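What follows is chain A paired twice: with chain B in the first complex and chain C in the second.
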Partner chain A sequence: MLNDLLNTIQYSLTRDEKNRELLPLLLERHQWHLGSCAAYRDIYNTVFEGSIRQPATLADLPFLPVSAFKNHELKSIPDSEVFKVLTSSGTTGDAVSRIFLNKETAQLQSLALSKIITHVLGKARLPMLIIDSKAVFANKQSYSARGAGILGLSVFGKDHTYVLDDNFEFDEQVLASFLERYDGQPFFIFGFTFMVWLYLFNAKTGKRYDLSKAILIHSGGWKKMTDMAVDNSVFRASLKDRFGLDQIYNFYGMIEQIGSVFLENSDGYLHCPNFADVIIRNPADFSVQPHGVPGLVQVISVLPQSYPGHSLLTEDIGVIMGEDDASNGWKGKYFKVTGRAKKAELRGCSDTFKSR
Partner chain B sequence: MSNTEKLIHAFSEALAVPQETIQDDLAYQAIPEWDSITHMILISQLEDTFGVAIDTDDVIDLSSVGKAKEILTKYNIVF
Partner chain C sequence: MNVQLLTPERRDTDLNELPFFDTTTVYGLAPFDERTLAFFDTFSKKLLADRSVNRLPEIAALAFWIRRANLLQIQKENSHLFGQAHFSLSPLGRVFHVCPANVDTMFIYSLAVSVLMGNKNLLRISARMEAPQITFLFDTLNELLGLAEFALFRDYIHIITYPHNDAISTAISGRCNARVIWGGDSTIAAFRDFKPAPRTRDIVFADRVSLLCIDCNAFNELDAKGRENFARLFFNDAYTFDQKGCSSPQSVFLLGDEAAYETCVTEMVSLLSGAIAGRYDTDIASIASLKLNRMVDDTLDRTIDHKWGDNYVTFAALRTQDATEAALPHSCGGGYFYTRRLDSVDGLLPFVDNKLQTVSYFGLDDTALDALVSLSRGEGIDRIVPLGHALDFNYIWDGYNLLEALSRKIYLER
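For the complex of A and B:
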């Protein structure tokens, strides 16, 4: 059933279908983690026991705050089965989240990512322009989240071409010869949002390259962009205006929940794939916010099996913009993330969580 | 060179390991030399060697030397 969800064409399930398909899988995950992860069981018993009726909809499922991964070893498999441990970069001074993957869960993750990315790029690998430098891999033992992101997306490209040199200087010659090589053909551009802005858009030469055949996927958050007063609509409009680049997909996800991969739809909003969903909650009492009202973003994914990450309350603030009616025909909810919750809000939030 | 020899040569070049290491049951991430970085080098080496363009699904699916043969067979390379 899980494989059916992954293998069918994405963005095809409407609200009722999604509830029907996902709920039994998620209840199965919940039971599995209760039985296999003592820390999950403890948190669940303390916070939710008695307060959760038999879930009738996705919104009734219990959820863990993402911060739990910093304070607890949340693992539903024996140590011998651990295949990979992912760690969040976190802000300086913060504890680091640790996510335990077995082979099966790691494979589900790459399958899910592939279903989503090939939905917009197609099955054939396209020539890939990377708005970064190979120097991000200089230390092979500990390359950054940026390096990991580039590697993760590299499977969808070929002739991987880095436009920044080893000193992180924009190499115009590299870009020009790439464009000449693939003149008139579709190609794939990947980069972190602020890198795309700083280096591609703001390239010193200010040349109006023809990128109308390109498909851009970018990721990495808006913090640095907000500091430069560039929001998503300015970003999209600027790239379209200067380069004719209009196939642009922002990408939102988090290390704590594999399978939560949200790609932007043609309206510029993040869209839930068939195997994941989003619920917005009131930070004061955790009730579900109606569409259009901002609150804490809860992410749901059927993938996590090796650790209890199937239903998580993030520290991001977001708002649902619509459901099943995106203008490119994609079904499912779509939303935008407007920022991070303020420290005070989160503190209030975790107090409530403790006292429940 | 037979296709099997070409395959062994491509693996050995891409992963920078001796040809003796390249056995059918050698799996992705089973040796430090075959990681996510060298995997993409391997894919382009296989594409160049056999003159094929490998689809994304097959890049992800190519999890061992034996699997590589199986996948390349789909692209009409005979072993």
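For the complex of A and C:
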């Protein structure tokens, strides 16, 4: 059943269909974690009064704060089954999240990510232009979120071409010869949002380049962009204006729910895939906010089996913008992230860019 | 060594040029000198005359405290210090006050007591202290010190700021007769490294925790008006500084049998939630995250086993343990209260240690209060006050009588 849900064409389930398909899988996940993770069971009973009620809807599921993975080792599998431990890079000095994966969950994550990314890139691997430098991998010890993001997405591309040199300088020659090689063909661009802005949009070039055949996927949060007074619409309009680039997909996701990413739809909003959902919570009492009313973003994903991460409360503020009626025909809820809870611990998805 | 002078006027100055360090002048002011009373009474009137004081309850409280009538009342309460045959009271001399960085007017009280006792004072405040009520306070003070009739006090009150600078802190520490150190354990530890002169007296205000003790039946019997008042007092004590004031309750202990307790905790949480939602102006999304994180930590650390309430007010039940209890946990603030049912105040015993400062209470009879006083013998509990008075300043604070702590007794045999 889970595989069916992943393998169906994404963004295809309407609200009722999603409730029918997704809800039983998540209730199953909930029961599994109750039985396999004592910490999850304790949190459910103490914080969510679990002993006196049974979840009947997605909104009834308990939600762990994402910080719980920093302060505690949370897993639903014996140590012997741990296949890989993911760690977040966060701001220096912060505790890091540790996410324990078994083979099954790791496979689900890559399958899910591939379903989402190929939905917009197509099945064939496209030539890939990366708005970053290979030097981002230089520090093997604290493998940065940027490095991990680039590697994660690299499986969807070929001829991986880094447009910044080892000194993080834009190399026009690299761009020119890449475009020459793939003249007239579709290609894939990936980069962190602020890198795309600083090093692609703001690059000084000798001539005009046409990127209208490109599909740009970018991520990493808007904090740095907001500091530069650039929002999503300015970002999109600017790239279109300068390069003719108009297939642009931002995505929202976190290490605690790898594979479960929310890709930008044609209206510029983040869209829930079939196997994931978003609920906006009223910060006063955690009740469910109606569409259009902002609150804390809760992310729900069917993927996490080896650790209790199927339902998480983020410190992001967001708002549901609609459901089942996106203009590109995608079904499911779509939302936008408008900021972060103030004072709440700062956690960048990408590390601080060390320039030169 | 340059510092920024804020009072008696704003300018940069060399530390050594401050009249504070001038040892050639006499100390003209006796403790409770009539001129000092007149100075503070005028200061009080000036503060209360400003319309903005209506929005600043802590400034209003300060203004009332420094009125002549209140200061004379305090002198009366301390009759054991005045008019004695064998000793007379004298200022200590030069007093260095290290003030906390958070927005708190408490250090102004210790300044007032010190001036009242006739000491010369140097206050170091944090440059970050730019809250409107603090600026208002300093401006009013400067205006007063600019008047000819109060020129004398320009030698007695110096407020300065400088970035963390060990050389300056050491220089002052070596040349004062007393240091009043607010700002908690870390500030005290830092200043222990700046060696004071051998006879310098340190009056320190360390990190403390406080709790609230409520009689369940007394709460349950309150009518609607009584409950409204209860909520207002609770809010003032706990939410004014987001539970981060030393005297704000971080835990609530409920006295009564199981039935009374169940009713009390359920109705109190719902009452407070409604009342606080309308008054609380801290960003609730950040509080929601903070408290959910803490609740998860406390659950997994086995500190709590149940919770009531929402993100405006959360009561988290302390897990009952068979073995000796851990010390009273520190709340994350923002309306997160540890709670526990007790049969009587004697049940507080495991939580009384030298960190416990204020026990505020509601509905306790004299027998229960006497039991609390008994519990305070030894290391813990420095204040026992009714609900609504947790943040009220008193010259008896943290176990000190500040009148005595900031003065000397001169033995005299005729």
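Everything below uses one rule, namely that the second predicted complex is superposed on the first by the 332 of 356 C-alpha atoms of A that agree within 3 Å, B and C clash if a C-alpha of one lies under 4 Å from a C-alpha of the other, contacts with A are read in each partner's own complex, and residues count from 1 in each chain.
The rule is short, and it goes like this: contacts are C-beta pairs under 8 Å (C-beta built on N, C-alpha and C of every residue); 3 or more make two chains touch, one makes a residue touch a chain.
Predicted model, so just to flag it, every value in this text is computed and none were measured.
The superposition on chain A brings chain B alongside chain C with room for both. With both structures placed on the common chain, the touch criterion links A:71 to chain C but leaves chain B unconnected. In the superposition on chain A, contact of A:137 is made with chain B only, not with chain C. In the superposed model, A:124 lies in contact with chain B only, and not with chain C. When the two complexes are overlaid on their common chain A, residue A:31 makes contact with neither chain B nor chain C. In the superposed pair of complexes, A:156 makes contact with chain B only, with no contact to chain C.
Shared-chain residue A:177: touches no atom of chain B or chain C.
Of the two partner chains placed by the overlay, only chain B lies in contact with A:111; chain C stays clear of it. Touching more residues of chain A than its counterpart among chain B and chain C is C.
In the superposition on chain A, A:313 makes contact with chain C only, not with chain B. Looking at the shared chain after the overlay, A:87 reaches neither chain B nor chain C. With chain A fitted onto itself, chain B and chain C come no nearer than 34 Å, counting C-alpha atoms only.
Once the two complexes are overlaid on chain A, none of the chain A residues touched by chain B in the first is touched by chain C in the second. Note for the complex: chain C touches chain A at residues 277, 283-290, 292-293, 295-297, 299-300, 304-307, 310-312. Contact residues on chain A toward chain C in their complex (touch as defined above): 39, 42-43, 46-47, 64-65, 67-68, 71-72, 281, 283-286, 295-296, 313, 315, 317, 341-344.
Interface residues of chain B facing chain A in the complex, by the touch rule stated above, are 36-37, 39-40, 43-44, 47, 53-57, 59-60.
Residue ranges on chain A touching chain B, taken from their complex, read 110-111, 114, 117-118, 121, 123-125, 137, 140, 151-152, 154-156, 158-160.
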